[in-house]
Amino acid sequence: MPSSPDNIIQIKAKILSHKKIAPGYFLLKLDAPAIAKLSLPGQFVHLRVLDSDIPLLRRPFSLHRINPDSIELLYQLKGEGTRILSERKKDEMVDLIGPLGNGFDLTDIPEGKNIVLIGGGIGTAPLVTLTEGLLKRYDRAKLTFFLGARSQELILGEGEIRHSGIDCLISTDDGSYGEKGPVTRLFEKKLTDWKGKPGMVFTCGPKGMLKVMGSLSRRFKFPCQVSLEENMGCGIGVCLGCAVRIRTNQGRDESFEYKRVCKDGPVFWASEVIFD
Amino acid sequence: MEIKSRLEIDFAGIKLKNPILVSSGTFGCGREYAELIDLNRLGGIITKSITEKPHKGNPPPRLAEVSGGLLNAIGLENEGIDNFLREKLPFLRQFKTSIIVNIAGFTEDEYVRLTARLNQAEGIAALEVNLSCPNVKKGGINFGSEPEILKRLVKRIRASTKLPLLIKLSPNVGDIVKFAGIAAEAGADGLSLINTVLGLSIDVNSFKPKLANVTGGLSGPAIRPIALRMIWDVYKRIKLPILGSGGIMRTEDALEFFIAGARAVAIGTANFVNPRASLEIIQGIKKYLDKHEFKSIKEIIGKLKVNSR
Amino acid sequence: MEIKSRLEIDFAGIKLKNPILVSSGTFGCGREYAELIDLNRLGGIITKSITEKPHKGNPPPRLAEVSGGLLNAIGLENEGIDNFLREKLPFLRQFKTSIIVNIAGFTEDEYVRLTARLNQAEGIAALEVNLSCPNVKKGGINFGSEPEILKRLVKRIRASTKLPLLIKLSPNVGDIVKFAGIAAEAGADGLSLINTVLGLSIDVNSFKPKLANVTGGLSGPAIRPIALRMIWDVYKRIKLPILGSGGIMRTEDALEFFIAGARAVAIGTANFVNPRASLEIIQGIKKYLDKHEFKSIKEIIGKLKVNSR
Amino acid sequence: MPSSPDNIIQIKAKILSHKKIAPGYFLLKLDAPAIAKLSLPGQFVHLRVLDSDIPLLRRPFSLHRINPDSIELLYQLKGEGTRILSERKKDEMVDLIGPLGNGFDLTDIPEGKNIVLIGGGIGTAPLVTLTEGLLKRYDRAKLTFFLGARSQELILGEGEIRHSGIDCLISTDDGSYGEKGPVTRLFEKKLTDWKGKPGMVFTCGPKGMLKVMGSLSRRFKFPCQVSLEENMGCGIGVCLGCAVRIRTNQGRDESFEYKRVCKDGPVFWASEVIFD
C-alpha cells in the first residue's frame, strides 16, 4: 500500500449544501479547495461536528466526491455525533483535518483484467470518487460495481454509477431490490461465472462483509483492497488508538503486527487483515 | 522580547520558553503534528512513553468516547528505545522546544536501564517517568501506587541520572499527597499530575466492554475537576513544581491549572480535538496576562483565594 | 403481572418492585418531586443524609457546573433525625416504594445512635450509611477511607440493627475492592457505589474556587466510567449486591451499570436535569428486556463479556 | 414572604418567537398555557437549553411576561448555556419546569404610598410582568420605575413602561442615557425628595446593587423585596444547592439561617439577606 502523504491541513470549511438523500443518509458538501486539491480516492477527513466538549472527538468520513473546489461526504446517522452533524446548516462552518490516510492503490492493476468495486451500505461512500479515478485510466467495460444494502431505499449511488456506464449489480438483504442476500454472495457467484480472476477488487462496508472478502481473496487469490474503520482519536497517526491486526510473515502463520487505520490505512490488502 | 519573557519559566531545572507543553502519548514524537503546527512555538514536547524493547500494545478497540471524555487502553505500544534514539530523537532535536522523554518499564531495572541510555543522548531537557500507566498489568504491579516501590524506584532512577526528573503519578490512589511526598523525598525534581483515571464503558447490546482491554484510562474534560483538586492538594503541601494536565481544552482551563498551583501545563486529549489547541492556549494566556496586567505567568501560580469569605 | 415481575428483584434483603431508585441528596425526602412524578412507580427512594442534630451545611456557592458534571458541597444540610421521623418519614410512608434512609454522622457514636432511633421507626426498608461525604471534614476524619475505622464502624452499626445495611463507599480511594471487602466482612448487606468524586473548579477572573467550600463532590456523566470500573472490580471479587450510581442519565447508562454488576441502580444528578429520568429509565429497561427477550433484569447483571476475543 | 405554591409541572414548550432585542439580550416566547395559568410575577422557570449532557444543568429564568397562553423570558447572554439557548429556533421545543419559587409579595402594600420598582440590567426582566399585576390594583401615579444599565442600548423595557403610563427614571453607568451612575444612587436621591417613604420597593439586578438596596432599606426603613440569584441544581427545593444567608432573630445579631433561593425565594426581604 502507498504510505499516507504528509501534506495535511486543518481548515474551517463552509457548508455548501447538506441534504438527506435516503432514510438516515446525508450528503454534505464542503467548501474546501485546499483539501480537495490534495485528496486521493480512499482518503478521509476528520471532522469536528460541533465546537463543544460533547461529542469530544472528531469523526472520520471518507471522501465521497473530490471536486475541484469542494469535497462531498456521504454519511449515515449512527450515534450522537452524526445526529448533531446532521443538524448543521448550510453556510455554517465545520472544522476539518485532511486529507488523511493512504487512499486506494491504483498503481498495480494488471491491464485487461476485470476491476471490481463492492460497496456494502454506507461503504459505497469512498468508492464513488474512486470510480471517477479509475475511469480516467481504464475501459469502463472492465469495471463492475456491486452494490449491497439492507433494502432498496438504502442502495446508494446507483444512478450515478449507471450513468457513468459502469455495470452495476445489486443485492439487498431483504430482496426488495436486485438479488436477495449479501452482496458478497452475489459477487462470489459472478466470480465463478467470469473467465479470469479480477485484476483488482476495491471494497468497503460492514466488518462482516469485509471479513468475507478477506476469505474470498485468499481462497480465490485475487488482489482485494479494503477500506477499514476503527475508532479514532487523533486521526493522524500519533495516538495509536486505531490499531488493526495485519498479518506478517506473508500470512503463513498467526503472526501479526498492529497498523494504524488512520495512517497506515484506511486501505489495506484484504488478505492481510485479521478480522476478529 | 517582552511578550516572550512573560511566559518564560524555569520548571524543575528546565528553562521553558513558555509553560504550555504537550502530553505524553497524545503527540507521538512530534512528526505528525509538525505537519499541522509549528512545534517551535511549544513550551515543550513530552514523548510517547518509551520502553526498552519494542512493545506491541493492546488489542483493538483501544479507544472509546464517553461523556466529555476519552477512554484509552493503548498499552504502551512503541518501538523501543533503540528506534527512539535512532529516529525519533534526532527529528525532535531540530525544534526549538524542550524535549521531555517519557519512559515506562515493566520492571524496576528496565527504568534504570532506560535512564542510563538516555543519559548518553543529546537534546533531552528532562525525563518524565510514567509510573502509572493504567493499561498494562505485569503481575499486577503498578509502580505508582505502592508507596514502597515508588520510593525505591524513584531513588534508583534519581541515582542514575542528572537530568531533571519528573514523576508522573497515578490519580487512582486515595491520598495523592502521600505519593507526591514520597516522590519528592526520593529525589524527584517535579511532578506530573495527573495521568488518566481508570474507567470502564460497556456496549449494552453486545455486552462487551468498549475496550478490548476491558478498562482504560479516562482523559479529557471529564477529569478536569479531579486533576485540579489533586494539583491543589499537592501544591499546598509538597514543594515541587507541578506539571498539570487533565482535560485542558482551552485557555480558561489552563488558567485554572496555574491558579491551582501548576507551574506548567500539558495539553493531551485536546490535541486530537484541535491540533492548534496548545498554540491557541499560549496566545490566550498572553491576552489574559495583558488584560489583568500581570507581568508574568508566575504571578498567578497557586494563587487560588481560599479564605476570602 | 408479567411485566412487573421482570423488574422485581430482591436486593440485600429488600424486595424492590424494580431496581431503579433515586439517590441520596438528589431527591430530598420526596415531597418536592411528588409534584412532578408518581413516586409509587419508583423502585425506592433514598433520603437525603440525616444527621442526629439539625445541620446548617456549607456557605454558598454550593454548586458549580463543570463539563458533563456537577460539583457540589452542600455539607450535609438537614433538619436532623427528630424532624425526619416527625415530618419526613410519615410523608414518605404513604408511597408504595421502598424507603431507604441514608444516615451520616460526625462521630462513630452518632451513627450508632441514629441507627437505634431508626430501628424504632416504621416503614423503613433499609439503611444506607454515608461514610463518604467528601464535603464535611471534622478533624479530617473520613470514615470511609480509613480501613480500621470503616471496619469498626460498620461492625458497630451492624450490631445495632436488623435492618438491611447498605454501605456507601467513597470512590476517593486507591483500591475500592479492599474497602468493599472490609464492609462485607463487617456485616454489610449491600454496597452503594459510588458517591461523588472529589473535585475543584476555579473562576479564573476572581481567583476564587467556584465553591465556597473550595472542593466538592463531582457527580453526573463525567464520573460514569469511573463508577462502572469500580462496580465491575467490586462485583468480581466481593459477594455483596451492589447499588450502582454515578452519572446515570438514561436507559443505556443504567444498563451499563447492571451489566457491570449492579443489582440495582440509583439516579442522582439526572433528577435535576430531568425529573422524569427515573421513570423513563424504568420504561426503557422494560423495552430493552423485551427486545432482547430477557425474562428478568437478573439475566443481565454482571454479564460483561470479558474473554470473548 | 408567601411560600412557593406546590403546583409545578414539567412540559415541552414550543418556541413561538425568539429574537435579539439588544446587544446580548434575547426575548424568548414559549407556548406554555399550563404554566402561564399557574404563574405569578416573580416566579421563574427552569429550562433545559438542549437535550445534551453539556450543559448538564437547567437554567433558571424569571417570568418576564405572563400571557394567557404563553410566557416570555428575557435573558442575557452569559456563558455556554445562554449561548446555546440563543441558537434555538422558532418551532423547536424546550423542556421547562415551572412555575417555580414564591413570587413577589403583593399582599401587604399600604394604600396611598409610593410603589417603586428598580431594575438593574437584566434585573428588569421579572419586574415587567409585576408592573402589570400592580396596575390592576394600584393607581399608576403611585408607581415609579427606575431603570439602570451600563449604557443606553442596554436599557430594557423603557418603551413598554412609559407606554403603560408609569413614571420611568433612568440612569446609566456611562451616562450615555439618563443620569450617570448607579441606579441606586438615582433612587436614593429621589428617596430624599419624596415626602414619605415608599410603601413597597421591588428590585432585581446584580448582587452589588441588591446589597446597596439592602442597606438602604435598613437605613431608611422601607420595605424592599429583592429577587435573588444563586446557582441551582434542582430548582424545586430538594438539593439545597441554592442556599443564601437570611438573618434570623430580626437581624439583631449575626445569626442567620440558610434559605433556598428556588423554593423559599427567589424573592426575599432585602433587609434580611446577608450579602457576601
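All chains are identified by letter, namely A, B, C and D, in their written order; residue positions are counted from 1 within each chain.
Operating definition for what follows: a residue touches a chain if its C-beta (ideal position, glycine included) is under 8 Å from a C-beta of that chain, and two chains touch if they have at least 3 such contacts.
Note that the coordinates shown come from a computational prediction; the quantities given were computed from them, not determined experimentally.
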Common touching chains of chain D and chain C: A, B
Chain A and chain C: spacing of chain centres that average the CA atoms, whole Å: 47
Between chain A and chain B, centroid-to-centroid distance (C-alpha), Å: 36
Whole-Å separation of chain centres (CA-atom averages), chain B against chain C: 34
Touching two or more other chains - residues of chain A: 53-54
For chain C, residues that touch 2 or more chains besides their own: 59, 67-69, 221, 309
Graph class of chain-chain contacts, one of line, ring, star, complete, other: complete
In the complex, chain D residues that touch chain B: 53-54, 276
Residues of chain B touching chain D in the complex: 67-68, 309
Of chain B, residues touching chain A in the complex: 25-28, 32-33, 35-36, 48, 56-57, 59-65, 67-70, 72, 74, 77, 220-221, 249, 269, 271-276
In the complex with chain B, residue positions of chain A that touch it: 6-10, 48, 53-58, 95, 97, 230-245, 257-258, 263
Chain B partner contacts - residues on chain C that touch it in the complex: 59, 66-69, 71, 145, 172-175, 197-202, 204, 206-209, 212, 214-215, 218, 221-226, 228-229, 232, 247, 252, 255-256, 259-260, 288, 300, 303-306, 308-309
